[in-house]
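The following pair of complexes shares a single chain, chain A, combined with chain B in the former and chain C in the latter.
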Partner chain A sequence: MKVLKIDKKDWAGGIQKAHKAYRLYGPVQVKDKGFSEFQALGPDAMPDMTATDTRLSPKSIAFPPQEVMMVFTTDENSELCNQMQVPQKDYAPRAIIGIRPYDAAAFLLVKKNFDTPEYRDPYWCDAYEACTFIGLAVNTPSALDFSTSTKSGPFDENGLDVLLVDTGNHYLAKILTDKGAAFAKSAAWETEAGAAGEKQIAELKASAEKQIRATVAFDNIQRQSIMSLYEADFWEEVAFACINCGTCTYVCPTCWCFDIQDETHAKCGKRMKTWDSCMYPLFTIHTTGHNPRGTKVQRVRQRFMHKLKYFLDKYEDGIMCVGCGRCIRSCPVNIDIRKVCDIMNSYSAGADTCALKK
Partner chain B sequence: MQNPYLPYPVRIDQIITETEDKNLKTFKFVFLNPQDEAKYAYKAGQFGELSIPGKGEIPIGIASSPVEKGFVMFTVNKAGLVTNHLHNMKVGDVMGIRGPLGNWYPWEKLEGKNILIVGGGFAFTTLRSSIVYMLDPANRSKFGTIDVVYGARSPGMLLYKQELIEWEKRDDINMHITVDRTDDPDWKYNVGFVPPITEQKAPQGDENTYAIVCGPPIMIKFTQPVLEKLGYAHDHIIMSLENRMKCGFGMCGRCNIGKEFVCKDGPVFTLDQINMTPREY
Partner chain C sequence: MSAYTDKIKKIAGRLLQECRVDMIIGFRKGSLPMMNEPCFIKNPADVDKLVWDSNCGINLANYVTDRKEKIGIIAKGCDSRNLVTHIIENKIKREQLYIIGIPCQGMIDRRKIAAQFQQEIETVGEQGDKITIAGGGASQTLTKADVIQENCAVCIHRNPVIYDELAAELVEEQKDVDRYAEVRQVEAMTPAQKWQFFEELLAPCVRCYACRNACPLCFCPTCFVDESRPQWVGKTLDPIDTRTFHFLRAYHCAGRCTDCGACQRACPVNINMRAFTKKLEKDAFELYGWEAGLSLDVRPPLDTFKPNDPEDFIK
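Moving on to the complex of A and B:
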C-alpha cells in the first residue's frame, strides 16, 4: 500500500485533472446556513476539506431522496401502454472526495441490504459500484463521535479506496485499492511519502483515536433474546420525548428504508423510490386501518431494535450504526443513541425471566 | 441478476366476480412475453405484486396453482387505491405483475403427511392453490389425508364455489365448508364459525399431521386454542402473515417482525417461529 504526498499548492490542480475522468462529489458550505452538504461539484468547484462534518451523510450519492426507477405511459394508443421501462441511467465513474471514514463504513452496512445473494437493487448497487471513495481522516473527532466503538474509527480504511490525511501543508494519501490507484493517477498524485508518511499517519491516527471519549458496548445486547429486549420495560421512557419527526432517520448514514410511489403528469408517469422513515405511522399502516406500529413507542422501539439488535442478530457483524453522532446532534429533543444502547446493554430482567421459566 | 422492481407486463384474460357483495374478483393474467411465464415459476403459498402504473402496487397471494399452466390468477378484495382501480379494469387491459415473492408452504416437509387446511373469508387464495396442487394426479399420492375447513360469512361469500362443489364430491379430500349464517333452506353444509367447526371436524394432531391456517385475525385467534386442544404442536401449525409491503423482497424495511421480513423470510411461518418474534403484523 503506497502512501503519496500531495502538497496543498498542487491540490486544486489535481482535483481539476480528476474532473476530467470522474464526476466529483464533495462537501460544500451551504450559503448562510452554517453547515455543509455533499454535492456534485461543478467544473470549477472544489470540495471544502475544512468542513468538520456534513449535516446529512453522503448516502444520497447512491440512494437519492427521490429516484426515478421506471417510466411509463398510460396512453392507450401507445404499444407500450402501462408497461414499465427503466430509463437510461448515468453510472459513469464518480468519486466522493472528503468522505469521512464512518460514512464510508456506512456504505458497507447499507450494501448488506441492497446487495444480497437473492436480490440486487440495481439502482443502489450500480451507483455504489461507480463510486471511488476518497476518504478524509478525522484528525479532531467531535464530542459526539463514537466511531471507534462501531468497527469504524477516525482513520478507519474500511470501504475507502484512498485515505487522505491532512498534515497541515500537505495531504498524505494512502492508496488502498486499485480504484484508489486509478484515481491518484488521474489526479497526477505521484510523489511517494515513503516510511515517514506511514509513520506520520500512524501518529495522527493514535492521537485522533485517543480524543474519542464516547463509547458504546453491545456485548450484552448480543446475548439477550429479541423478545426479552422487545418486551423490556424501558421503551416508554426512551420514547417519551420523541416527537416522531424522523430527522434521525434522514441524517443517518445507515438508514435505508424507502417508499415506492407513482407520479403521473397527463399520460406520462414515473415510479419513484423515495426515502421513508420508520418514525411515521404511514410506514406500516394496513389498508384496513390496522397498524402494527401505530404508536410512537412502537416506532421508536423499532428504530433502536433494528439498529442495535435485529441487524446484529441477522448479519452477526456488529450494529447498524457507525458512530457518526449526527442523530444525536440533530435530535430536537436530545435523544442519544449512545444512552439507549447503554440502557439496552445494561438490561438484564429479560435474561433472568428466561432463566426462571426454564 | 434482473431488476426486481420491474414488473412483467401482463394482459387481463378473464375477470370473475366471486362474491355476492361483488367486492372480490378473480383476475386471470396472461404474460405479454410468453417467456416470462417460465420465469414466474412459483410454489403454492407465494405471492406477487400486482402493479398498476400510476396507482401503485399491491401484494396478493397467488391463487392459481403451480400445476395450472398458461396463466396466473389472483383473487383481490376491493379495499384501497390500487385494488379499487383494478376492480374497474377490463379484460384486455395491460398491467404488470412482479414475483413470485416470499416463501411457500413447506411442501418438501409436508410430503407423506396428513394435511389440515383451515381458511376463512377471502384468505382462501393460496389455500386454493395448495389444494389444487395436492389434488393433482401427479401429487395426490405424496400426501396422506387432506381435510379442509373453509368458512365465509354466508354462502354467497365463499370463493371458488364451483371447485368447492367438485371437491365435495371427491373421496380423497374431506371438505368441511361452513358459513356463519344462512337463511337458505337448501344449504346442505355446515353452519357455524370456523373454530368450532374445526373442533368438531378436524383430525387429531400428531407428528404426521400439519395444519395450514389462513384467515382474518379474529379467526386465527380462536382457531389457535382449538388446534392446540386437538394436539397440534406449534411447529405443526403453519400460518401465512400479511403486512404493509412495498418492495416485496426484504429491502424497503417496513414489513419486519423482529429481524424477519414478512415479504422475504415469510409470509409463511410456523406458529413456533411467530412465537419468537414481536407480533408486529
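Moving on to the complex of A and C:
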C-alpha cells in the first residue's frame, strides 16, 4: 500500500483534524515521574512521539485495569430488580497514535484468547475493533528489545493500520489497511512519498534491526515435552529472587488474566473485571481453601511455562511474548525472561542421570 | 567494593566447605546495569557468583522467612535490623543464621541516575564516591552521595547491628542527618492540603502490591487485602480501597519498619510510600524512644503492655 509523507510542521494540524473523527490515545509524559503512559488525549493534547517506551503497555486501551461489565439492583421497587444490565459503552472509533510495533503485535496475541471460535469477550473485542493502530517504528531499539526473536520487530507491520517512520523533519506513513487509509484521510495526510519513501523505510528498518542485540531462542522448548520442563530442576533457582509482586504481569502487553468482582453499595451493585496476576496466591485459591499453586516456585513456573511453552504448543504460533523488555526493566529483583528462556531452551531432560550412569 | 566481594566469597566458601551452613543468601551480578539479583549458593564451587556493590538494595531478610535450613546471609545495616525483627517475630531462629555483616555506604537509586542521563545506560561503574555512567557514546561522572536512595541518605544505622563476622571494617555512621524533614513538611499542612497530598501520592497506584511483597515485614500468611472469605477490601482502583490498603499496611509496619526503602524501590509507578512509614517511624521514636530492629532483648512497643501505662483508655 502507499506511503505518505507528513511534514512535522503539519503534524499537529493533522492530529487536530483526526480529533474530530476519533478518540485519540497516545504516550504522555507523566508529571514528575520520568516515564510516559498511554492516555486518552484531551482536545488540545498531542501524543509524545519522542517517548522511548511507556512504563505500562497500551493493553489497557482495550483491557482497562478495571471495567464495569454489568450493573444490578436488588431494589424490589425497581422493574430491573435482580437483573444484570450491561451499561452504556462508548465504542466510537478510537485511534492509538505512536503505539510501538511490538505492542501492536501483542494485541494480536491477546486476541487469540479473547476472540476464539467458541468464546468472544465482548468488552475486549468491541474495544479492539473500535481501535485504529497508528504505529511508530522504533529507529533506535533499546538494549532490552528482543522483538526480532519473537514474531515482531522494530518495523513490524503486524497488527498495525498505519506504520509511521520518523525521518527527522518528516514522518513517512505507510498505509497498511482500509482503517489506516480512513485515518490518513481524516488527518488530511495526502502527499505521496512514492518509491523514495519506501526505499527510505527499508533502509531505516534494516538499520534498526541491525541494532538489536538481545535475542532469545525457543526451538528446543518446542521439542521438549511439557512434563520434562515442568519437572525440571532449575525452577527453584529461577524463582528464588522473585517476590511475587506481579509487576511483570502488570507491565506486560500480553498478560491478560483478570478477576471478576461484584462491588455493592446499598441495593446497587457493579460487576467488575479487574487485572489479576498468576504471581498472586489468591489467583488460584479454591473455595475449599486448597491452593494448587500455593508456593512461589509453582507460580513463577506457571508464568514462564504459560508464556514460553503452553502458548507455544497450543497455538503453534510462537511464544506469548513480543520482546518489549518491560518486565526485565521493571522487575525489582532482576528476573530476566531472556535468561529464563535460555535456561528452558538449553535444558535437556535426564542429562544428569545419563552422566551418572556412565 | 571489590574488596567487599572478595571477602564475601572467602567467608561464603569457608562456611559451605566446613558445612557450617546449608546455603548462602547473597547477590549475583544482574543482567542490567545497576541491578543485582538475590540468589542462593549451596555449592562452594559457586561462590564466585557472589558480588557486592552499591546495587544491592534489596532487603535479603525477605528471603529467610520461615526457612528451615541453616543459612549464611549477607546483611547490610537495614537487612540486619530486619533479621532482628524476624527473629523476635519468630520468622527465623538466631541459631539458624550465620550473619555476614556488611558495613554499608548507601545504595544507588537507579531511577535517579536514569533520569539524569539522556541516553540509554549501558554500563555503570563505581570508584569510591564516584559513579561513572556510560551509554550511547556518552559518559558522565556523578557523585554517589547525590544519587543514593532517599532512605540511605538519612540512614543512621549503616553498620549491621548483629553479625557473626564482618566483611569489612565498620564505617562511620552519618551524623547530623535530618531524618524527618519530609514528615514535618506534611505535618505542617492543613487537613485540606494533606488530603490533596495523599490523593496525589496514591493516584498512580495500580494495586499490584509490589510494595507489600518487597517488604520484609509483610509476611502475614494471608494479607488483609487478599482475604476472600469474606472479602475485606475491594479489588478495583476505587480510591477508598487504594487508601485503605496503603494506610493499613503502613500502620501494620508501625514500630517495625527500618526504612530499608524496599517498598519504594519495588514500586513500578514510583510512589513514595515511605511518606507513610516514615511518619510512623518518627512517631515510634518520639512516643517510645523506639527504633526497630536494634536489639534482640527488647520487645517492640506495640506488642508489650505495662501496668503503669499513662493512657487511661487501655486500663
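Structure notes:
Basically, the second predicted complex is superposed on the first by the 349 of 358 C-alpha atoms of A that agree within 3 Å, B and C clash if a C-alpha of one lies under 4 Å from a C-alpha of the other, contacts with A are read in each partner's own complex, and residues count from 1 in each chain.
Here is the rule we use: a contact is a pair of C-beta atoms (placed from the backbone, for glycine too) under 8 Å apart; a residue touches a chain by one contact, two chains touch by 3 or more.
Since the model is a prediction, treat every value here as computed from it, not as a measurement.
Bringing the complexes onto one copy of chain A puts chain B beside chain C with no clash.
Shared-chain residue A:22: touches no atom of chain B or chain C. Contacts of A:114 after superposition: chain B is touched, whereas chain C is not reached. The superposition of the two structures on chain A yields an angle of 90 degrees at the Cα centre of chain A, opening toward chain B and chain C, reported in steps of 10. Contacts of A:171 after superposition on the shared chain: neither chain B nor chain C is touched. In the superposed pair of complexes, A:83 makes contact with chain B only, with no contact to chain C. In the superposition on chain A, contact is made by A:285 with both chain B and chain C.
Contacts of A:304 after superposition on the shared chain: neither chain B nor chain C is touched. Judged by the touch definition given at the top, the superposed model places A:271 against chain B, while chain C stays out of reach.
Judged by the touch definition given at the top, the superposed model places A:235 against neither chain B nor chain C. When the two complexes are overlaid on their common chain A, residue A:128 makes contact with neither chain B nor chain C.
For the pair chain B and chain C, the least inter-chain C-alpha distance in the overlaid model is 6 Å. Overlap of the chain B and chain C interfaces on chain A: residues 259, 261, 285, 287.
Chain C meets chain A in the complex at residues 30-32, 35-40, 58, 62-63, 111, 114-115, 120, 122, 204, 206-210, 213-214, 222, 226, 228-229, 234-238, 265-266, 268-270. On the side of chain A, the complex with chain B involves touching residues 69-70, 72, 74, 81-84, 86, 113-114, 116, 118-122, 225-227, 230, 256-262, 264, 269, 271, 273, 276, 278, 283-288, 292-293, 298, 302, 305-306, 309-311, 313-314. If you check the complex, the residues on chain B that touch chain A are 1, 3-7, 9, 32, 51-57, 79-80, 83, 93-96, 242-244, 246-247, 249-256, 258-259, 264, 276-281.
Remark: chain A residues 30, 33-35, 52, 55-56, 65-66, 142-144, 237, 240-241, 243-247, 250-251, 259, 261, 263, 272, 274-275, 277, 280-282, 285, 287, 328-330, 332-336, 338-339 touch chain C in the complex.
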